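Provided herewith is a single structure, encoded as structure tokens, for subsequent inquiry.
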């Protein structure tokens, strides 16, 4: 791992399983979270298994941060790749207690992880009280959490997660996601993350890979991929736009902070931000309403002056998807055709876009 | 050490004890078993010095193969008897075996056990072979045959005289089968090649032909022609 | 109650059985693993060869082994050439014969255990940094524990109870090949029923303990 | 099943698993979807297993539509309860093909289900091409779908589903959910549905049971439970309000329809509704903005004139949760404290609530 | 190559082994299932008793069975009282003895197989309307297939190869108790090596076929 950051992750593989053919050629960033997205059976798990070496294809080429894991000549066996793999089913060792499961990988791999770090993971995942239990006496979500903790405890150089949070409740998810973000930021390890949840992907991912029937139909930064209009896959029902903004001012009284996007201002909830920091913002199309006047007399705080670029039909015939542009940033709004008519909105027109809510990512 | 036919068990154990009274420094180990098995093993170099066979044929064959250090020596002639756990066998002859009440008649396997071969000959000579053949049960060796009869599973059987003289069978009488009905059960011993220089082996063989030893043999129903 | 020579036979039996079981664990485990996982076309052949000692009567196996290991047999010629002498009527010879005879008792249950084992656990262990050998010992083996216990106990008890082969190969020599089973057999043949009963009783109590212990291990493994 | 609808489902059980105690006393409706909600490890699966008879507690009392499944005297064994159980892990029979798995239950239970109905389920779940495969050669989501199909194929009288869609992608979920709705409407069988997804629950459920640490902390119609203010659990992050409305008018040109809620009008997307039908509406607090004037010049169609009843603090200090009331219906709005100050909003005041989006349920 | 009496022995052996294996399947399967799932405190005791025939030498077992089933033994008294006569030296007696002797070969592998089986599949089958017996046959059994194959093959081949017990209980009566193993033994003892070789070869080929077949079934079950 001598060339950290020098190069990212390369996965070139071509693998057949009966009727299914995985054929991908990916260049992924060497740090940050890469979300792998696609319908059930499209090859997400197969891709992770190829990458990890659990499934060996004869003609694969895999490098991670300059280190060759597989090419025509060599094949680093799985146990030497030092990766953390949270698989779709928890796969806990049934003959070991939870504690022993957690220590299994730690003993073999972790060079640095201190015991405190493990304790922190255990606490984060709320499994302190389960340590002495056998896996078969755990609930589905508890098993999943132990499995995540087990992978994190190994202090891996790459983390692969196959729908790790699908069995967990919202509150628990919202505790784990920020931890993963933090880990990824602090340790700068790359994370490959399979998920069906738009929320998770939007919140975690920097990079997005979309698979379909074993081939990659899109790979790029999340902002780029999500605004690709002709992509059949969207993160869930909701189209959205994503852009970066700089923190300009903190209002500690109202617990808000002001962001600058190009020439315009936005107010969002403050989360202990520092002035000058660059943050990523996601705005769902359904959270944007349009009007011809700036409406100061409303609880909506954010008003962007933007130009309508195109108007597209939406999935429901009552609605349209309006593509706007402000300061070269894209913005999507979902409004009814009736409103378009009543407000006389057409391409080229300048309108006020009111943003009720936005999410801060990363 | 010695390998010996199973029917010698009681007799030879006593002989060894008696011999050792006179020669306390010498140790003699005896392994009992089927003579045929011992023959096969001796051919493959089994580490026995003396071979007490229940048959004279085996020592002879070993001699022909050049594995022995002496000629086979006849040490005893065995006898067969009728014995039953259910009734007084001493009143019976081989002819009575055709009676239906003897649903099973135990003899040793005539194919490979010497006592079985002699039993077959005797039955044939007595002219009852045809009528008993279907009621025979065969023991692997003479001991097993004795167990068939002793446990009552076979109402009667043809056993070795040496066995029925032992304590386990002494409670019931037996009928000696006339020796002219079958070939003699000539039991021979031989000194194996590996004991050529073994003084103890030779001393023990010599002891067996002393007067004291002969009485012990006779006590267990083994006699030599002319005794 | 038990005579000195009975005790000698008991110790000899214990030595033989433990040794044979240990050897069979180390030989049988990789063999069973291979049989459970290979796609080689020799698989069925090897599996059938391993099963052969099950189908032949012990004393017949003993007879063929005696022939093969005797001075004129192929194995005997090799061992004599190597300066080891011939194996029959020696303790090592007995061990070799027991190992051959009990091989299927070790391999068959292990193979069944490995065949029904779950590969995803092994995958998980690999991603956690366990080398193939490591994951075998720390995952595959404990997960196939019931099969291991069965294999071990069957091999061990069967070696204790085996006697046709021992009688043929061992020659009933005290301290070398007069194991308990042979001793009991001798007692029975000599109508020394009391001694036979005592030794049998001892074996029974002993096997009870072993089997009890085995059940405990199993129950623990499952719980 | 002679007393259909005469009575619903009663589950009274008291069961201990080591340190965990399930103690519930539930009366559930005999038709419709009952969602079971609660954090990981709270006892959802245990409840379903108790109900199904897979786990037998000595002192349980369970009746379904007048038929006693368990009381102190009798215990109907699982295989005679004729229920469909989709468990958390797919539990497909490894020695059977997918097709054989599907037919396993059908052969034993289904009296009416025709082969066409099975084919329809197979098609709905997109598993036509998998029928000849063995389960171990399926992807995680594929296994889950087969498991759902297997349960549906038995034509059960009660359907228990333990996080059935968690491994599926959004598009697939959106195909299955309406099918479940339709099935529940047409066959009128009760469905007990465990899920962590607010979307699923909101879309499917009529009744909601909230568990925590083995006890039931709320059980009632979904509208009632969701607006219980002191409930620590909300469906996901978002508080919301739910009320019924009547369809008054269809606008086929704009594909919209007008609903009457008390004296006020709302416009929503039309989904082949009939005039006069009563529908249920969910409004997320974050989708409601407030102002002092009705704003006609905006793409927001719906404006409700409501009175502020109380103002509560929200999870983030920048925001407040405003409880409003219009025509005796509750409405929640999430706005910043800054807006409250600027617009001078206080309890008792009449304001305009603008609803950007609302969901129609069941 | 094989004499008429060899063939008679072969048919007798086949009859005995098939019968004993079938009986053991029907006795051993519920017993193994019970042992694998019960929490009874008699469990360990019963398991140990089942294992006893493993540890005693066959001819000693045969001896005790001979005593027990004879006119003076407890079993014999019962069978005579029932008008069945005594069992030794009859084919039914041989079957009984074989069943007792081979019991652990059936029960032990089955028990191990059942112990490592997955309960959630049985639960799934129950919810799909399968009665306990139904789910045993359609789920538990196929999932424990490797163990069933091992148990069946070990029982069968072991009954074929068994001979100490048969010799003791059977009395070597042609058509009733002169099975192949006894026949080979007799040939060996009588130095009719050629006939012994032929019969052994036949047994070998036969067991090869059985074991081959078993592997095929196993492979299929897994694939």
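Order of writing sets the labels: A, B, C, D and E. Residues in every chain begin at 1.
Just so we're on the same page, contacts are C-beta pairs under 8 Å (C-beta built on N, C-alpha and C of every residue); 3 or more make two chains touch, one makes a residue touch a chain.
All figures in this text were calculated on a predicted structure; none of them were measured in a lab.
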Checklist entry - If you check the contacts of subunit D and subunit E, which chains show up for both? => result none
Item to check | Number of steps on the shortest touching-chain route linking subunit B and subunit D | outcome: 2
Item to check | Any chain that touches subunit E and subunit A | outcome: C, D
Checklist entry - Which chain is most remote from subunit A in terms of Cα centres? => result B
Next on the checklist: As a quick test, compute the distance in whole Å between the mean CA positions of subunit C and subunit D.
Outcome noted: 60
Next on the checklist: Just the number, please: Cα centre separation of subunit B and subunit E in whole Å.
Outcome noted: 36
Item to check | Inter-chain centre distance, subunit A versus subunit C - centres from mean C-alpha coordinates, in Å | outcome: 57
Checklist entry - Per the centroid of Cα atoms for each chain, what is the distance between subunit A and subunit D, given in Å? => result 27
Checklist entry - Among the residues of subunit A, which ones contact at least 2 other chains? => result 89
Checklist outcome for this item: Touching at least 2 other chains, the residues of subunit E are 63, 143, 185, 188
Next on the checklist: Which positions in subunit B are in touch with at least two other chains?
Outcome noted: 37, 40, 144, 147
Next on the checklist: If I apply the definition of touch given earlier, which pairs of chains qualify?
Outcome noted: A-C, A-D, B-C, B-E, C-E, D-E
Next on the checklist: Using the touch definition from the top, list the residues of subunit C that touch subunit A in their complex.
Outcome noted: 120-121, 123-132, 134-135, 138-139, 142-143, 145, 221, 223
Checklist outcome for this item: As the complex stands, subunit C meets subunit E at residues 43-45, 47-48, 51-60, 63-64, 104-105, 108-109, 111-113, 115-116, 143-144, 146-147, 149-150, 153-154, 157-158, 160-164, 181-182, 184-185, 188, 196, 200, 203-204, 206-208, 210-212, 214-216, 218, 222
Item to check | Interfacial residue positions of subunit A with respect to subunit D in the complex | outcome: 17-19, 38-41, 44-46, 88-89, 126, 129, 133, 137-142, 144-145, 162-163, 166-172, 174, 196, 198, 235-237, 251, 254-256, 267, 269-270, 286-287, 289-293, 295, 297-301, 316-319, 333, 335-340, 343, 345, 354, 356-357
Checklist outcome for this item: Touching subunit C in the complex, subunit B uses residues 1, 3, 6, 9-10, 29, 31-33, 37, 40-41, 43-48, 141, 143-144, 146-147, 150, 163, 166, 168-169
Item to check | Complex contact set, residues of subunit D against subunit E | outcome: 52-54, 77-85, 87, 89, 91-95, 104-105, 108-109, 134, 150-151, 154
